[in-house]
Amino acid sequence: MVDKIKVSLLGSTGMVGQKMVKLLSKHPYLELVKVSASPSKIGKKYKDSVKWIEPGDIPENVKDLPIVSTNYEDHKDVDIVLSALPNELAESIELELVKNGKIVVSNASPFRMDPDVPLINPEVNWEHLELLKVQQKKKGWKGLLVKNPNCTAAIMSMPIKPLLDIAEKSKILITTLQAVSGAGYNGISFMAIEGNIIPYIKGEEDKIAKELTKLNGKFEGQQIIPARLDTSVTSIRVPTRVGHMGVINIITNEKVNIEEIKQRFRNFKSLPQIKNLSTAPKSPIIVRDEEDRPQPMLDVSAENGMAITVGRIRHENNVLRLIVLGDNLVRGAAGITILTVEVMKELGYI
Amino acid sequence: MVDKIKVSLLGSTGMVGQKMVKLLSKHPYLELVKVSASPSKIGKKYKDSVKWIEPGDIPENVKDLPIVSTNYEDHKDVDIVLSALPNELAESIELELVKNGKIVVSNASPFRMDPDVPLINPEVNWEHLELLKVQQKKKGWKGLLVKNPNCTAAIMSMPIKPLLDIAEKSKILITTLQAVSGAGYNGISFMAIEGNIIPYIKGEEDKIAKELTKLNGKFEGQQIIPARLDTSVTSIRVPTRVGHMGVINIITNEKVNIEEIKQRFRNFKSLPQIKNLSTAPKSPIIVRDEEDRPQPMLDVSAENGMAITVGRIRHENNVLRLIVLGDNLVRGAAGITILTVEVMKELGYI
Amino acid sequence: MVDKIKVSLLGSTGMVGQKMVKLLSKHPYLELVKVSASPSKIGKKYKDSVKWIEPGDIPENVKDLPIVSTNYEDHKDVDIVLSALPNELAESIELELVKNGKIVVSNASPFRMDPDVPLINPEVNWEHLELLKVQQKKKGWKGLLVKNPNCTAAIMSMPIKPLLDIAEKSKILITTLQAVSGAGYNGISFMAIEGNIIPYIKGEEDKIAKELTKLNGKFEGQQIIPARLDTSVTSIRVPTRVGHMGVINIITNEKVNIEEIKQRFRNFKSLPQIKNLSTAPKSPIIVRDEEDRPQPMLDVSAENGMAITVGRIRHENNVLRLIVLGDNLVRGAAGITILTVEVMKELGYI
Amino acid sequence: MVDKIKVSLLGSTGMVGQKMVKLLSKHPYLELVKVSASPSKIGKKYKDSVKWIEPGDIPENVKDLPIVSTNYEDHKDVDIVLSALPNELAESIELELVKNGKIVVSNASPFRMDPDVPLINPEVNWEHLELLKVQQKKKGWKGLLVKNPNCTAAIMSMPIKPLLDIAEKSKILITTLQAVSGAGYNGISFMAIEGNIIPYIKGEEDKIAKELTKLNGKFEGQQIIPARLDTSVTSIRVPTRVGHMGVINIITNEKVNIEEIKQRFRNFKSLPQIKNLSTAPKSPIIVRDEEDRPQPMLDVSAENGMAITVGRIRHENNVLRLIVLGDNLVRGAAGITILTVEVMKELGYI
């Protein structure tokens, strides 16, 4: 790969930002050249403005980069802007960059449910990127805005995709057990969650249910037709570090062959696999036959955190049940964004 | 209370056994006079054969008691035998005692689903004790055998009782998040569960579903008619110490008034409350209106661990949802046994 | 006790504040009548301005109290003001109250090392309260200011007191393993400390070493002569909730009789024990002979958190070693303050 | 490397055994060809007799290996036997193999303090391998026995080596904070250690103090002359997963220049670095200048777990203090054994 694609990163010092810095430092053709962070850090070196919490040292090529602002001027010479901004700051910052012509691929929540903005989980709905043509026409933006889903929706949408024929005819009940990192590095205090369970995550349940319909929807020329998924989600915070688990119950009185379901998962491949993209997992969905898997401690890093793991697949009593686990920081955030960029390059958007 | 009831305790050195020792030490009329434990400990003082893990010291009246065997001879002069035996040892030991005329109230699993053995969670089904008359006739035992349910079934059966009219017409899906103490003090290693989730507990899911039908069943003269509960349970081990949580989903297309449901819970009283029994919680079901409750760290000790706490009661999308929490060692084990004895005394069985 | 003493509490909604609210709610003669908190909460009811984290509900007599300011006007009709203010806010607020004539007993750090301010750990140095006479003369304050020590210094000063003759001739090395609650409820995030150790606590090591010399010093008419303690402290944060542990090494080539040392600890009584004060532990220093004690999970609540526990007392190789544990929220903060007030009442300062 | 060295592994299914399996699977010239485990597993495939707890799957070349016994017959065609046996089983098994002519490199404790058996931490005392000549003469064994130290001694001996001139003239006090994995995967239950501290590890303190004198001793032709280290150790179990920390206090009234001490550590290289051995860390001792390091979560994996990290180096009050951290499973066990084999090959013992 001769020509590298120049990348800038918004929100580079947060936990997801650091994960992106790390993943980009080993990337074959994405080159991180600009890092931005909160105004008080502008001008400082990256290494002096970050509390680095990834194992190992800050990548060499990044540690001395100066922090820049989020203004267009500071990003005009990069090919693409990645965003790990906090949700509450993202809307206006990203909009300014897109209006000025930047391609922004973002993890933050604003615009995710905007009908003209593709919400991409590459293996699930890479073809929704075609919506970008509609976006340019309708929004009148000079640049492009692509969103990645909520971390839990990213993970849960994966096993639903190959089951969509069943799922669309069923009632779906999901209980999610979400790791503390999902709330940010300083999001929850030790005293609040150690040895405890908090059965509530603000705004999460609705986001997951809605984003699942868009992610599993169909692009039909001008718009995404959402999947008809009737999903009730209960989201619970548990004292684990990384890895969101979902207990998925699909109530169906259809006949279900468990072995055939496992085959659907094991055979699931999509564009990232077919094109052998750099960050793509070989098996996006790993099926575990052991009765006590998946477990965060053993399975969260499967395929460098880019695969999800499914286990305890059962059908009894008219309920198809499975347990899903994925890395909320990689599959659910930093990795999905980078894989999205790889798909965009493959398809000629970059 | 002039005359104390003499009690012996099987399995007195385990975690539930210790909890019983502690609860009995403050009891107004139950007096612990015999403690039994595994054969290697017989003859030693209680304090020298237990690794005491309850906060505070071993109760004065117990610490010098000699460990006795589980044989009938060693228990013939007590009024009642409580059992916190491991499931795999309980069957033959308890049977020998009952055949020899003892009243045994037991936490262990054998005989729980025997149609002639009452499975008692006092507030839920104290009236099932009447089955003891049938038991004596049919089994030909000189004594009496009363069982307490699985710890999770004990907790989950409480909120289902006041909802039984709805529940019997619905599909019920329960995800349980169970504390490590449920597996015994040495049941799960730190390395296996710290910061981890194990989405499987051997035998638990079936036990819970079945016991719920018996607990919420009706005694009709000669037998218990099980409740028609169509329950699918997924049991998950989480890294908390004490407190089993249940995410209960009741799929119903009936109209449901949330305030009325809360009233049912708040108004729920039963014989233990009416007779003001020593160990009875004033409010067996506590309803929390805060959006992030119940939490083990804050709610598990409500009413000294004898009340369960219910929160996040919602009805959306044809699913009545609630989150339940109870103390698996007290409400689910040691406390329920003692309260059962109190009911038996109240009703004249002792 | 006919006449209750009216108490107000600064910093009432924090973790130590809540612990004081709880302890005061059961107190025989201290009556909490005013609660203050940060300006944004003024006027709200206590129950609406606190995120209550003590097990059980907010005490009845406090939950509807309106939050008042920290100004003198809001406290002029109470007999004594207790302070659980954050260190960085305490200085000016407490000073204003004292200058206006209030008696303030405070947990916060400012003024602790002021030569005219008694730093009180009741069993260790209650007689330092006599310094208040000097304080009034020298400072010209209309009220009185009494300080309680840093939570770790409070705990470590206890076992040093009966060993002072040896300690003053020795080099002392202490490694402290401090619970997360010591940093406040939201002080350390789960991601930072779960399964981790942070071998640094800002400012702590110096505070402990210095406060130990004052606490174990002698009042000589006009001033406290500090104890000649040559102490090096290394303070480490560990993932426990409550309970600061100290590994104390006293390097001495004197002959030491371990049994005699244990007797010194077991016999240690002081004014609070002699006068049988309400909050005083019967045995301020509990000696454990088991080889694996003290442990936070088993020993932190000894005597309702007011006793410290000492174990592994050894003398080998010219090092007298012991391991100490105390409840940082009770013995180290809320309880010590209340016991100080009880001593002041006993001695006629209130 | 044309010819691979054939290796067999005793205790292959334990936690350290699994770590060795993993490290060997990527090794350039050590080839694991035999795996042994407890008698009940003999004949089964490795994958069917192990509860695999390393992230990722069992290495391809090992998963179908049949479990063999520990008898000489089952190991006679390998070049070297590695042992991760439990201490209580190791003595007779290893002795039989050595007497029959095998080269055994072992992690287990028996023979560690035998004057004729080299106790090797490669960077610290690789030259002690010369003792093997004495061993063969004196013991009359046909094979060779080499021991690796206790995991904590392995880690603590590293920073003491470059400070030996100071350390031998000083009193040394070490408090170790040891991770739960040090007790084996099932060694400590969650209920016993979660949120808790156990200030006692059976046998550990003596082992560490003694092994330090041998590791830092000098080989003088016929024997190891132990270093004159006067060390008192207090060993404490803390709720971390991997990584033993040591708070080292060296009481010295010599002048100490902190920068010079840091240089000693940073410059520390030994045979493994000079010969660039496969498993050798580039920097065996990493010095961290941040005030809050080392931390297990951030530093334990430095150089794949083969480097130790030193921080908070201070000299005040005649105490030279430092905090040390190392990976107890890699530097302290599996990795040190493999590096020892590499040194033995380099020196021609294999």
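Letters A, B, C and D mark the chains in the order given here, with residues in each chain numbered from 1 onward.
The working rule: a residue touches a chain if its C-beta (ideal position, glycine included) is under 8 Å from a C-beta of that chain, and two chains touch if they have at least 3 such contacts.
All values derive from a computational prediction rather than experimental measurement.
Put simply, the chain farthest from chain B by mean CA position is D. Two chain pairs, C-D and A-D, are compared here, and C-D has more C-beta pairs in contact (counted per touch definition above). If you average the Cα atoms of chain B and of chain D, the two centres end up 48 Å apart.
Averaged C-alpha coordinates put the centre of chain C at 43 Å from the centre of chain D.
One finds 41 Å separating the Cα centroids of chain A and chain D. Taken residue by residue, chain B touches two or more other chains at 53, 194-195, 239, 241, 297-298, whereas all remaining positions touch fewer. Within the complex formed with chain A, the chain B residues making contact are 171, 173, 175, 177, 195-200, 230, 232, 234, 236, 238-241, 243, 245, 247, 249, 251, 291-298, 311-312, 316-319, 321, 323.
Remark: chain B residues 15, 53, 180-181, 185-195, 239, 241 touch chain D in the complex. Against chain D, in their complex, chain A makes its touches with residues 53, 55-56, 194-195, 297-298, 301-302.
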